[in-house]
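Each chain carries a letter (A, B and C) given by its place in the written order, and its residues are counted from 1.
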Amino acid sequence: MTPLFSIGIGIGTQNANGEWLEVYYPQPLLNPSEAIAQAVIGASGYAEGNQTLDLDAKAIAALGEALSQAGEAALAATVTSLTNSTRRAVVVILATDASPSSVPEAYLKLQLISHRLVRPHGIDLSGIFGCLPNVAWTSEGAIDLAELSARQLKARLENRALSVDSIDKFPKMTDYVVPSGVRIADTSRVRLGAYIGEGTTIMHEGFVNFNAGAEGPNMIEGRISAGVFVGAGSDLGGSSSTMGTLSGGGNIIISVGKECLIGANAGIGIPLGDRCIVEAGLYITSGTKVGLLDDNRQAVGSAKARDLAGRSDLLFRRNSETGAVECLTNKTAVELNEALHAHN
Amino acid sequence: MTPLFSIGIGIGTQNANGEWLEVYYPQPLLNPSEAIAQAVIGASGYAEGNQTLDLDAKAIAALGEALSQAGEAALAATVTSLTNSTRRAVVVILATDASPSSVPEAYLKLQLISHRLVRPHGIDLSGIFGCLPNVAWTSEGAIDLAELSARQLKARLENRALSVDSIDKFPKMTDYVVPSGVRIADTSRVRLGAYIGEGTTIMHEGFVNFNAGAEGPNMIEGRISAGVFVGAGSDLGGSSSTMGTLSGGGNIIISVGKECLIGANAGIGIPLGDRCIVEAGLYITSGTKVGLLDDNRQAVGSAKARDLAGRSDLLFRRNSETGAVECLTNKTAVELNEALHAHN
Amino acid sequence: MTPLFSIGIGIGTQNANGEWLEVYYPQPLLNPSEAIAQAVIGASGYAEGNQTLDLDAKAIAALGEALSQAGEAALAATVTSLTNSTRRAVVVILATDASPSSVPEAYLKLQLISHRLVRPHGIDLSGIFGCLPNVAWTSEGAIDLAELSARQLKARLENRALSVDSIDKFPKMTDYVVPSGVRIADTSRVRLGAYIGEGTTIMHEGFVNFNAGAEGPNMIEGRISAGVFVGAGSDLGGSSSTMGTLSGGGNIIISVGKECLIGANAGIGIPLGDRCIVEAGLYITSGTKVGLLDDNRQAVGSAKARDLAGRSDLLFRRNSETGAVECLTNKTAVELNEALHAHN
């Protein structure tokens, strides 16, 4: 058979109408082995394509047994443990990486990224906003917004402090998975679907949207917007900004190369190459006119910032005496002129 | 009788001395009907003016019954449910919109705004800081600061993780009410007393103080300071700033009109009209000198930003070649000159 | 005997291997009295130097009794209460202020600062990063990262919402101590080891790292980085930035004197003296070239910002017409020239 794209076996939360609010997959699988695929297909009644299947306790137990016999002891143990829960279990089998069409599918795809099984832009998330319900994330778990006020009153009457921590389509990543080798000082600022590479620290002011992330190692004290990816060794200073595809960045997908430094309170509306620096407090939008300085710090000409998109070894600053935005390069005047003319 | 201004029937938390720390009103009422007013007055022993009245279980049951007979089934059910709680119940009856004089009154007024029954600046909140106690907001509810350390030790001894989430006079809004049609990614950043209009998203970096808010729909990734109101269709970019009446904005009340865009890391110290744009990274204070450009982008003169307060169709930017702050308008040179002279 | 430097008697959390994750000291002691020292030494088996000692219930009870007989009723009561807990108790005795060499020692030192017994830079914290384990801070307390995913699965199976709030070496301060007279709107932004002086408000956008703080009273809506201290009466505007010794500030220790104002979205890479102002939106790095204006607002010369480090009565702004960074002083041209030449 054609290899499957992904399998997720999880438990989740439903509203009073039996609609899924969220699904947790302890061990999401990308490109599962033939043995696992056969075990899951056999136990779940899967037919074809991308399917979401409910499993009762008996089916879960059978699946755990089948996985055990397939030599997948760890996965088998996890699956078998699901029989101990009153929560509804679900199996998602994705034959292909089609756009998500249900809550369980969408949650599986987000968890594939946060488990680092795929990278941002490495999976089809189109239409995911439409798939995901807006949910109240509370100290008593996910609650449907239509049921929230009754739950809040009930909790008060029963002397419980029901904390409503987020009203959002995306939960915080760390309630689903904490990848190895990271620090995330304030987890409310990293959405499920973020990719946080080994060795990365997200400080309190840092933020990472879904389908975005950092290669690692990185020190992130700024905002990684939806769709943005930051290369190894790059640091984002406190409150620094990267324009996202959802919010003003338009069609340009912003990225940051390796070993860059975006200063505190700075920002970028263009992708950066490697070893670039943006001075603290300076915001470079794609339309910013930038004076170019050669390797002797002599003015050579000017360019729109968008024409410098993706280039390496640039230092952006605002001249503190003239107020002009400048870009220091490590190129000679001749090289820079050639590069400028290449755009004409 | 003269119509009442507001009625709140709630339960709350008191400290060891029986002083109120906070009160939760499931259904605060603005301008209650005569029938409701009569039922509440009859059951509570209200005499006149603005009063806060304790209700025992018997009085609550009677009030529920009276409201039921007045045809107010939903409110009656909510009130009757309060008899099931060990928490102390309270009724606040406000004949007039006088400044709040007690914790229950202050909490009622804040909840009227967050329930969207009144808008920011639509109710008298003068002196509210003096009314409100500073409270520890914890995973075990509101705790008086004088009692906190003993509670913390007790929880540790009993192997409970008592989380102290905020030390503030204002709790987070969403523990009291989540208005319809909103997303609030990190609810710790929206104080009770905020007004969050239908269709509004407050992203992780967004913030809304009390007596402030957004008309909706809006995308808010910046800070709406105390007293600031943002019109329909306007977006606040990440970490953008609006000067508040409590913090540097002085006597000018800042507001943002309709369909404005304040860029990421930008800020305003003047109110904006409609369809204004402030470029990412630019902070306009009231004293900023701004060069004015006409509809042909020709320089016409200059003005202090405060003289442009409240005007529509302005685009503020810092010229990236000269460092000068400029304001692009859609007016002719003649129209601009007339406008400038109007200030002389 | 030589007086001891510090004593901590606490309870904490260990991982499955019996290694400390964190320790809570209800009443950390700096320079304890001879009577207390003798009681603790007698009950704990302390020999010499800096030691961490486990205490069983019997030893704790004896210690409580000894402290009671030494006339330390409050401390005795706290210590005696520890016998009621299943958590492991620990005593740390520091003869000297040597760099921390264990988790209990590091936690004691951080709590000494947050209890305001010592100020930032007033205690040896060298090597503390190496001492502290990275921990998952959850709604069920501190959890070892190696044990987290199993705990998360278990909680889901048992229908509990285990919230993973932070993955960090430092917990939030308020779960250990809330010093008197402060407001901290979002406690996730103040690390244990912060010093928050009496009368200080940390608003939602404020942040305070360990070994850093504010003298009080202060209004803090910006970021106090590691090692930074802010003097009495100074305000940090929303999202304002102070460069930390850990992140770009290099060897210069940043501080802010008394009665300064750093505007919203502004930042400093130099220490400020007293009564300085940095305009909203302006970032001063140590290399910024600054035009100097005398007390008549006449240009006198220019300087690197680092040459103005620590000086008082300066106002930094970016001229909105020329884009040049300027520093307004209250000095005459003659005085300024003398000051400039002093650097040559």
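In this section, a residue touches a chain if its C-beta (ideal position, glycine included) is under 8 Å from a C-beta of that chain, and two chains touch if they have at least 3 such contacts.
The structure presented is a predicted model; accordingly, all values stated were derived computationally and were not measured.
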Any idea if chain A and chain C meet via the same residues, over half in common, or different ones? different
Magnitude of the superposing rotation for chain A and chain B (Cα, nearest 5°): 120
Centre distance in Å when chain A and chain C are each reduced to the mean of their C-alpha atoms: 31
Can you list the chain C residues in contact with two or more other chains? 139, 165, 188, 239, 265, 281-282, 318-319, 322-324
Partner chain B, residues of chain A touching it in the complex: 134, 136, 139, 145, 148-149, 152-153, 156-159, 161-170, 188-189, 191, 207, 223, 225, 239, 241, 243, 247-248, 265-267, 269, 281-283, 285, 288-291, 302, 318-319, 322-325
Okay, in this complex, where on chain B does chain A touch? 11, 24, 26, 78, 81-82, 84-87, 138-141, 165, 172, 174-175, 177-178, 180, 182-188, 204-205, 219, 221, 235, 237-239, 261, 263-265, 279-282, 318-324
